[in-house]
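Dropping a structure here in structure tokens format, bear with me for questions.
Chains here go by letter, A, B, C, D, E and F, matching the order in which they are written, and residues are numbered from 1 within each.
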Amino acid sequence: MSGRTIHVRVVSPITTRGFRRVEDLEALGHEGMIVSGSQIDEGPGSIECEFETAICVPDTIAKIVEAERDGADAVVIDCMADPALRPAREMVRIPVVGPSQAAMHVAAMLGHRFSVVTVMRRLRAQFENAAAIHGLSTRMASVRHVEIPVLELEDDLDATKVALVEQARLAVELDGAEAVIFGCTGLLGCAGAVREGLLAHGIDIPVIDPIPTAVNIAAALVRSGLSHSALTFPAPPQKELVGYPKLRAALPLAAE
Amino acid sequence: MSGRTIHVRVVSPITTRGFRRVEDLEALGHEGMIVSGSQIDEGPGSIECEFETAICVPDTIAKIVEAERDGADAVVIDCMADPALRPAREMVRIPVVGPSQAAMHVAAMLGHRFSVVTVMRRLRAQFENAAAIHGLSTRMASVRHVEIPVLELEDDLDATKVALVEQARLAVELDGAEAVIFGCTGLLGCAGAVREGLLAHGIDIPVIDPIPTAVNIAAALVRSGLSHSALTFPAPPQKELVGYPKLRAALPLAAE
Amino acid sequence: MSGRTIHVRVVSPITTRGFRRVEDLEALGHEGMIVSGSQIDEGPGSIECEFETAICVPDTIAKIVEAERDGADAVVIDCMADPALRPAREMVRIPVVGPSQAAMHVAAMLGHRFSVVTVMRRLRAQFENAAAIHGLSTRMASVRHVEIPVLELEDDLDATKVALVEQARLAVELDGAEAVIFGCTGLLGCAGAVREGLLAHGIDIPVIDPIPTAVNIAAALVRSGLSHSALTFPAPPQKELVGYPKLRAALPLAAE
Amino acid sequence: MSGRTIHVRVVSPITTRGFRRVEDLEALGHEGMIVSGSQIDEGPGSIECEFETAICVPDTIAKIVEAERDGADAVVIDCMADPALRPAREMVRIPVVGPSQAAMHVAAMLGHRFSVVTVMRRLRAQFENAAAIHGLSTRMASVRHVEIPVLELEDDLDATKVALVEQARLAVELDGAEAVIFGCTGLLGCAGAVREGLLAHGIDIPVIDPIPTAVNIAAALVRSGLSHSALTFPAPPQKELVGYPKLRAALPLAAE
Amino acid sequence: MSGRTIHVRVVSPITTRGFRRVEDLEALGHEGMIVSGSQIDEGPGSIECEFETAICVPDTIAKIVEAERDGADAVVIDCMADPALRPAREMVRIPVVGPSQAAMHVAAMLGHRFSVVTVMRRLRAQFENAAAIHGLSTRMASVRHVEIPVLELEDDLDATKVALVEQARLAVELDGAEAVIFGCTGLLGCAGAVREGLLAHGIDIPVIDPIPTAVNIAAALVRSGLSHSALTFPAPPQKELVGYPKLRAALPLAAE
Amino acid sequence: MSGRTIHVRVVSPITTRGFRRVEDLEALGHEGMIVSGSQIDEGPGSIECEFETAICVPDTIAKIVEAERDGADAVVIDCMADPALRPAREMVRIPVVGPSQAAMHVAAMLGHRFSVVTVMRRLRAQFENAAAIHGLSTRMASVRHVEIPVLELEDDLDATKVALVEQARLAVELDGAEAVIFGCTGLLGCAGAVREGLLAHGIDIPVIDPIPTAVNIAAALVRSGLSHSALTFPAPPQKELVGYPKLRAALPLAAE
């Protein structure tokens, strides 16, 4: 399996058009891997709370099922809440990678403790709960935020980067972080600037940009012939579903 | 607040009609507390996997918002996956109680370790993840199952009870449980028989029937003037939502 | 069992008379529940250390046994050290509720992390050990104190409330608390003022007054037909006891 | 301090006379260390439950205070429930060592995981709670029991030893133990026989006899000039105590 | 960086020649990635204990330094004890990947719990300690072994595979594993057969072959522009070293 | 065994001569115990990183084997990284004590939480990993440092002591420590001054000097007839070793 070109699909679980540019995704490809994108049609404009995390799930599942039918080798979900990660894994057999899960595991491999620097304070509990489920609570130093909503991150990108550097610096100096993860995939492309900003303070740590990292991890899984466990994520039982016509069509016949 | 009659609404997040009988819910009331029920219109027929847990959420949130508008003092979600618990808490200010969360905390108060006896093996990871988020992993002895689907539990109720006693007994003897929780709210009313079955084996432990327990805990919260934290569950930000017209109507104006 | 009026007894494990007013306890009742009080005759004037926590235990057990003989349906121990909780549970079959244990589990249900605001610094280890035993260490944000001894809390009640608000605010802003528990039952009745004080700082979180909460949880257990596990808390073995005549009389014949 | 002869007092918190022989304690001494014993006058005949663990505490504290006044350099409590350990440490400044705490830390130093083999099943929760407080839950493999009451251990000492070997063997083979602790100080002197019994099964692990181990650890603390932290265990506040005349006399004037 | 061909060096920390065939390593490459191998000159013939894990370290560090000088983009250590992982990371700035660390994090991403199936029982503590350091103890179901020494694994490869399938099956059925990792890199190439053997028992889980997985993860790190944290792994201080001439030559001038 | 004079050997795993004075070690002896010292010939001048911790191991193992052949009853390793602790335990049957492991367990016995005050910031991860392996993460409050290299600690001993008091004070006031451990054995003899410095700030806590503590714990193990578990640390398998002639000579014949 390892010889051929791998196709990774990135599914954006928000309805705002133009926020995620397809050329930014395609630029993540290289010889041996191509990256494509898709986006949900129904759901929130962006994701900054438990409600929005939940409400994007039905259409995100549909887009992940579609990706498998399109022949993608793996899917990455384009949101640090990892919405639909677990239900979608029950619906497809290609690897589905959550950037939050992947980035936390990569950070834990690279440094002693990591911090997440995200957009809004209210996401702290979500990230801490995610770390608890991943088994990584003891490796998470803190969750910090810049208090800039997702859709305003690019309004003043320089201010955003300055705020990211400041919170990352505090994560290192006050919380004991030795690696940093962006807590929003909307920050794609800022890692270089933030790493330089930290180096200017004498802080030399990995700054993890979740989407490129998750895409490369997805490819690594494909190259290794691995996907999520069918024991943890068996196909849903065959059963009536009221509403959600796109998903009804996607439901596999129960394996049983 | 403690003097008046309390109204607890039980919201069933499945579309199968006739499974949850309203008279069973009303019978949970007593002087000072009434219990009512409602049920979702769109979603799965029953809940036995991550996909079904996720797909019932949008309409469950809508029914919880409706309960608050109906004047209910508290809501209990009628499923041991606690679907919609966290997003719904962002949408209402009355207490929203998940029977899994409530039963685990009650079990931890009553005995040294508890086990969950549920319907299907595949739910084990979900319950273990829930315990991790509740902070109760060290108090959970095991998750066991009878391998009977939800909608077949009542086909041969005696066989179901025998299977429950057997798994509860093994939880005590092999896994170290000192209390047991039913891992499906469809088992409402079986606690007495299972407790007697265990006593016949010389095992005298609490057998927790999640819906009555959650309803009484919900009333206790109301009597104590308590609800979920607005810092953990602030109202969602004001933002465009594509689709989900019932929820669009329900969205509060952002507090900010 | 759920239809009748429930009787909850609150046992005060201190010998100072007049500190706990019976009318404050009776006011916690409502239609369907009455609350009564009793107090130990031998032991410390108040409880602020491990020594006093230990030395109140023999007479507290005797008063809990007495409560069961008086026909109470449940007992709440009137001290946040939960003294006698575990030994008393071996002596009676009605639910015995510790306000610290109950308040911590309720707080964990309502918010992401909780802090305890108690009277003296020296109690920090006791609360952290209690959380470890309850399995809730990961949900406790911090233990803070106002450094006012129990018997002086009411000397300047306004100053006490100001100090409580200040420590609760720091718990939220520095320690990450999203709910707060009073760490002394002597603070009964202060929750409203502290919650308002926090709201004035823009902090909207549950403030848990342990005695009302524990009384309502005790009633919820009775309504649900639940008590502590007889496997965790079997009756003591039949055996000679030198001294403690009140307890000798109370000792059940061993079950064995 | 390290040059002189050290005096360790072993305080037995049970009222049964003749169970703990003073010559067995004295035999633990050697050049540079002497061991003496004392015993409580009021309390249980033996300790096998939470009630008995609690009820021996007042007189045990009194005997520990007496030991310090007698010039002992350290005290060891002669029970694996470590009764009075924390309150007594507030009353004296010489090291007070609990054999359960000491044995668990020593076991954790010597092998990967340890099991406790105790007398009765009902003590399992107490030992697991103790491990949680000591921070050693992850190092405890299991708590096993021989179901022989304390005062009957010597009725058929050979049968007792056979049962100990059997449970220790199962702890190794089924639970993953790599060291074993006796869970009752009444088993003093059995370690050699149990270790030989295990060797006959090809199992070469430390078998920890808690009283000799705790006595030697106590001496090591004295030689190192160490005692318990006065920040964790400050003297009790000065305050009225009703009853307990021996303890009233012992109460230090509050340091404050 | 992502466009060019990546070179991953696999360093074998054992002195036995012929055990690790270079063509097996080269076969892990694909378009965009080449894999090369090297092997230590001084140290143990194979690694099955703490002593051998420690004694291979000096020369393994030297070979990793050499890999960086040879222009490799990343290094994978060819042993599931991850020997030299932490000290070598202080000596080079290219990513150094331990197959045990990488495989555990990948397994935790793919399934609820994972088990390690290794060669000898005595390695259990080492793997459990590794999981504790990685923060993954709660995700590890068990460590099982086939009791076949490393250098005898290929003597009867069919018997080895049968034993692997049997232990993996028990890990799933008794210990709750939902993914399996080979606990010895000498098992390279057996994953397909073991996965098929499990499928024949109706068990459909990921079987992780550590070396291919670690090589692909190493490439993913390089593609993502990431390496280990220089805050966790700063260069060693400049200081005299007696002996170890190869390492003396390799020591970087201290950054300070 | 308890009657005779015990001989504890302290092995210094650094090559700098004159740093560890033999008379300082001998002064730790008393009636019934003598202390001797030895030092490695090949390895680092001091130990302040993972590289140096690893590279001292081969010769430290050799010196520990030599100690057993010299008739020592126990060995203490003279470095807070506990280098060679686990591999050396496979090579000898006398107790091998790591001062870090011993001091952490003793601190956990004496106070609620402990902090380590060490020399360099970069050692933080090593101490936190050690606590994770010992099972004591929940009892460790923090790791602090004075940023003075080992070999410069004595250049201005008064300044070193002032820095130690300052960091210990911050550990208590900011991190919640209630006991303190020196994180470098080069600080031997400073405990009295640091304890006095803390008392001058009103802080009365144990200050643990690791070498005297470890030596006395080693003697306590010998007096108790205990050593490390042969199940956790069995002798290495018989196998070829290339290089390391001193160790080849020391290798026991495999037990098998």
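Everything below uses one rule, namely that a residue touches a chain if its C-beta (ideal position, glycine included) is under 8 Å from a C-beta of that chain, and two chains touch if they have at least 3 such contacts.
This is a predicted model, so every value here is computed, not measured.
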> So which chains are sitting against subunit D and subunit E at once?
Replying inline: B, F
> Taking each chain's centre as the mean of its Cα atoms, which chain lies farthest from subunit B?
Replying inline: F
>> Comparing the two chain pairs, does C-D have more C-beta contacts than A-C, or is it the other way round?
In response: C-D
> With residue numbers as the basis of comparison, which of the pairs D-E, A-B or B-C duplicates the interface of D-F in over half of its contact pairs?
Replying inline: B-C
> Relative to subunit C, which chain has the most distant C-alpha mean position?
Replying inline: E
>> Distance between subunit A and subunit E based on Cα centroids, please, to the nearest Å.
In response: 27
> How many angstrom lie between the CA centroids of subunit B and subunit D, rounded to a whole number?
Replying inline: 44
> How many angstrom between the C-alpha centroids of subunit D and subunit A?
Replying inline: 52
>> Two-or-more-chain contact residues of subunit A, please, as numbers and ranges.
In response: 112, 125, 129, 132, 137-138, 178, 232
>> By the document's touch rule, what are all the touching chain pairs in this structure?
In response: A-B, A-C, A-E, A-F, B-C, B-D, B-E, C-D, C-F, D-E, D-F, E-F
> For subunit A, which residues count as touching subunit E in their complex?
Replying inline: 2-3, 5, 28, 30-33, 95, 97, 101-102, 105-106, 108-112, 134-139, 172, 178-179, 191, 203-206, 208-209, 212-213, 216-217, 219-221, 223-232
>> For the complex, give me every residue of subunit C touching subunit F.
In response: 124-125, 128-129, 132, 137
> What residues on subunit C touch subunit A, complex-wise?
Replying inline: 112, 138, 176, 178
> Any idea which subunit E residues touch subunit F in the complex?
Replying inline: 15-16, 41-46, 48-55, 57-59, 61, 84, 86-87, 89-91, 122, 125, 129, 132-133, 149, 232-234, 236-237, 239-244, 247
